[in-house]
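Heads up, the thing below is written out as structure tokens.
So that you can tell them apart, the chains are marked A, B, C and D in the order they are listed, and the count of residues begins at 1 in each.
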Amino acid sequence: MINKVVKDADTAIKDIQNGQTIMLGGFGLCGIPENCIQALLRKKVIDLTCISNNAGVDDFGIGLLLQQRQVKKMISSYVGENAEFERQLLSGELEVELIPQGTLATRCMAAGYGMPVIYSPAGVGTEVAIGKETRVFKGKEYLMEYAFDADFAIVKAWKGDTAGNLIYKSTARNFNPVMAMAGKITIAEVEILVPAGELDPDQIHTPGIYVHRIFQGNNYEKRIEQKTVRTK
Amino acid sequence: MLDKNGIAKRIAKEVKDGMYVNLGIGIPTLVANYIPDGINVVLQSENGLLGMGPFPFEGEEDADLINAGKQTITTLAGSSIFDSAMSFGMIRAQKVDLTILGAMEVSENGDIANWKIPGKMVKGMGGAMDLVASAQNIIVAMQHVNKAGESKLLPNCTLPLTGVHCVKKIVTELAVIAVLENGGFQLLERAPGVSVAEIQAATAGKLIIEGDIPEMQL
Amino acid sequence: MINKVVKDADTAIKDIQNGQTIMLGGFGLCGIPENCIQALLRKKVIDLTCISNNAGVDDFGIGLLLQQRQVKKMISSYVGENAEFERQLLSGELEVELIPQGTLATRCMAAGYGMPVIYSPAGVGTEVAIGKETRVFKGKEYLMEYAFDADFAIVKAWKGDTAGNLIYKSTARNFNPVMAMAGKITIAEVEILVPAGELDPDQIHTPGIYVHRIFQGNNYEKRIEQKTVRTK
Amino acid sequence: MLDKNGIAKRIAKEVKDGMYVNLGIGIPTLVANYIPDGINVVLQSENGLLGMGPFPFEGEEDADLINAGKQTITTLAGSSIFDSAMSFGMIRAQKVDLTILGAMEVSENGDIANWKIPGKMVKGMGGAMDLVASAQNIIVAMQHVNKAGESKLLPNCTLPLTGVHCVKKIVTELAVIAVLENGGFQLLERAPGVSVAEIQAATAGKLIIEGDIPEMQL
């Protein structure tokens, strides 16, 4: 089996260059690649285009990259809860492209499945449709949307093995599997890294062929955005 | 006139046994509290979960288990987890039977605006455009008029659209209204103590009133 | 949770009508819905259009339906190993549409994901392309292929629960998950049926939303087509 | 002149450390036997497996675990299983580095015919059309001439095509040949004991011979 293990986050992201396009897994702050974000902060790589469903919060997740002015453009479906984001957007320092969440996911999947475009019903008749080719199939209108073309995908999984196979935990799965398929180079950080052979082949969410580099992360904070509980 | 919980309670009656349902943020979330015993439904959360359970008990919350509103939640016996592409795939393939969501405006031909106010900071559409473009049955839960006292049921939406010709029904603090296939708001039910005239006054779009309009049964 | 359990194979397929289109999971004889095929034989429903990667062998799998002249048309990628199939095809009793295997899989997936069409590179410049719309993206030519539209999908899984969640075993997975997503009505037969709650939500291959009816099958023969072994 | 195992042995030298490889039925399957120790490759089987292992020991075969040739096989430490759509997805997205397959004819512009002979019973293309349409590196393993003694390396294929302009290299019992981007069969190596003249005589398409042609090292 091919060994995909690298030492740490800094090694994993060392060749990400200024101006490149990177995908980052996660939904809200759930399932985000915390260790690689820290390494990007240390590397101070700038002018990044980030494809990620959200943009973090002011002091966590992609919000940290925004604070250090490392992001040129965000491609997301929802960017609330972030004051610094708002400031940079209004001042023109930051570009943003908003994409319906399902279209975002499907454009990742398209890249991973070698589909050049997909047809999406989301946004038909809205400003999202402006400038896009439309087509009607069986009486329903669709927008033609292109597969993403990202230099790197950075994902977070729960368990991984040395061959790059990944298993996600609970709803921290979200965009991670589709982004893992979509990167020209895919970097995976995992909470638990095990030798090849310890994971059941039937239970792999992302086969190792999609993963170029894997490492075991540490000090996961896993911040909760909306703690909602009930009383016993 | 209904409060938020009243609107949720009335919408809960639209939920039938065996349905897969997606609930948006706000009033729609409250609907889950009013689904009667014996009605088995499965709640879909578009971040990748079927079978959304209640909030966890204090201390049992799991950062890896949240809903589309980013709230900590639980799973149920029979739940399943999947990625975002499959989640919207099942929405697009119309496997989700009913979508309930909030709105800022609905037009008499079923257009909906609920994601953007010009001049205000844009947060993004999230999954709303996908949901309204795909769901076969969409119920809007909202206030009949906005804070300025203006009707939110309009001949045409004035805000940027989320989707076109998609809303099937609207439940407000005043009324239950069907959006007709060929346009128009058909008044189905009045909220307790609300008159047809009050509803008419609060509705800017074409309101169709046929026969006696019954009061809601809650 | 919604309960999807039906009593047996005969109940599960009871409303399949003459002339309908059904998908059957499996690759070769691996992962085929043996119990439902037997029930279709008993029901003697005819003029079926069957979408399945293969057509079974003379005396097993879909080959049994061919023997009883229940199939009007096969839509498959590979139909070797079947003498009765060949006889019916040459005599004009049977129609066959051959589709590249990846296109077959992707047209199922398209149906399950609400995509009206997908672009496939397979078959460009060959007789498979005849009559199809083609389009070039980034210098590569693709064929536009339509999502399948099947009345029923019949799949076989290893484990399932009463909510319709499915887990497949090993390479018996093959076409089953994509067909399960694609049927207007999906019927699943499983080797082991458990109460909802016994399967780990993270390990479900096919979420129950796609499955309309499930039952525990019996007497699985699981015939091996090519037994290849080595000596110790 | 090489036998089938010799062809497989020569092709095995094209397999580099770290590659994901799809092997077709026939001679390509034999290639797995000749991959040197220390070269880590992962074999993909398009029915849904990465990390195909050897045949099982007698009595340990599992009907649920087969390869694309429907043979009973085994998994390895690090294997993964997936559905048919993902399998061809990874092929189409060019995650599989090398595809090795048999052919009935190859043309000098890289077209391949390997699925259908007019007048004979058609078995179907299986995954062959997907593989040749998507793989970035395709090596054909075949006999240089057919049973009737006719060359299988042609100016144009006469049989129905499987794919166009896709074959990069051909290994036969006589030679290793590159298919040039702008057309033409470039002779790279001779099989042991085979002369350039013999290869020329067996090649109907345009054979390009530049300089000294070395004998294969096996």
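By definition in this document, contacts are C-beta pairs under 8 Å (C-beta built on N, C-alpha and C of every residue); 3 or more make two chains touch, one makes a residue touch a chain.
Quick caveat, the model's predicted, so the values are computed rather than measured.
Looking at subunit B and subunit C, the chains in contact with each of them are A.
A straight line joining the Cα centres of subunit A and subunit C is 33 Å long.
Each chain gets one centre point, the mean of its Cα atoms, and the points for subunit C and subunit D are 29 Å apart. Per-chain CA centroids place subunit A at a distance of 36 Å from subunit D.
Each of residues 49, 75, 81-82, 85, 88-89, 91-92, 134 in subunit D touches at least two other chains.
Counting partner chains per residue, subunit A shows two or more touched chains at residues 106, 113-115, 121, 168-170, 173, 201-202.
Taken together, the touching pairs give a contact graph of some other shape, not a line, ring, star or complete one. Remark: the chains found to touch one another pair up as A-B, A-C, A-D, B-C, C-D. On the side of subunit C, the complex with subunit D involves touching residues 27-31, 53, 76-80, 86, 89-90, 98, 100-106, 108-109, 120-128, 158, 168-178, 205, 222-232.
By the touch criterion stated above, subunit D contacts subunit C in their complex at residues 45-49, 54-67, 69-73, 75, 81-85, 87-89, 91-92, 111, 121-130, 133-134, 160-165.
Interface residues of subunit A facing subunit C in the complex, by the touch rule stated above, are 106, 113-119, 121, 137-138, 140, 142, 167-170, 173, 201-203.
The touching residues of subunit D, counted against subunit A in their complex, run 18, 20, 40-42, 44, 49-51, 75-82, 85-86, 88-96, 134. Across the complex, subunit B is touched by residues 1-3, 111-115, 161-163, 165, 181, 195-197, 201-202, 204, 207-210 of subunit C.
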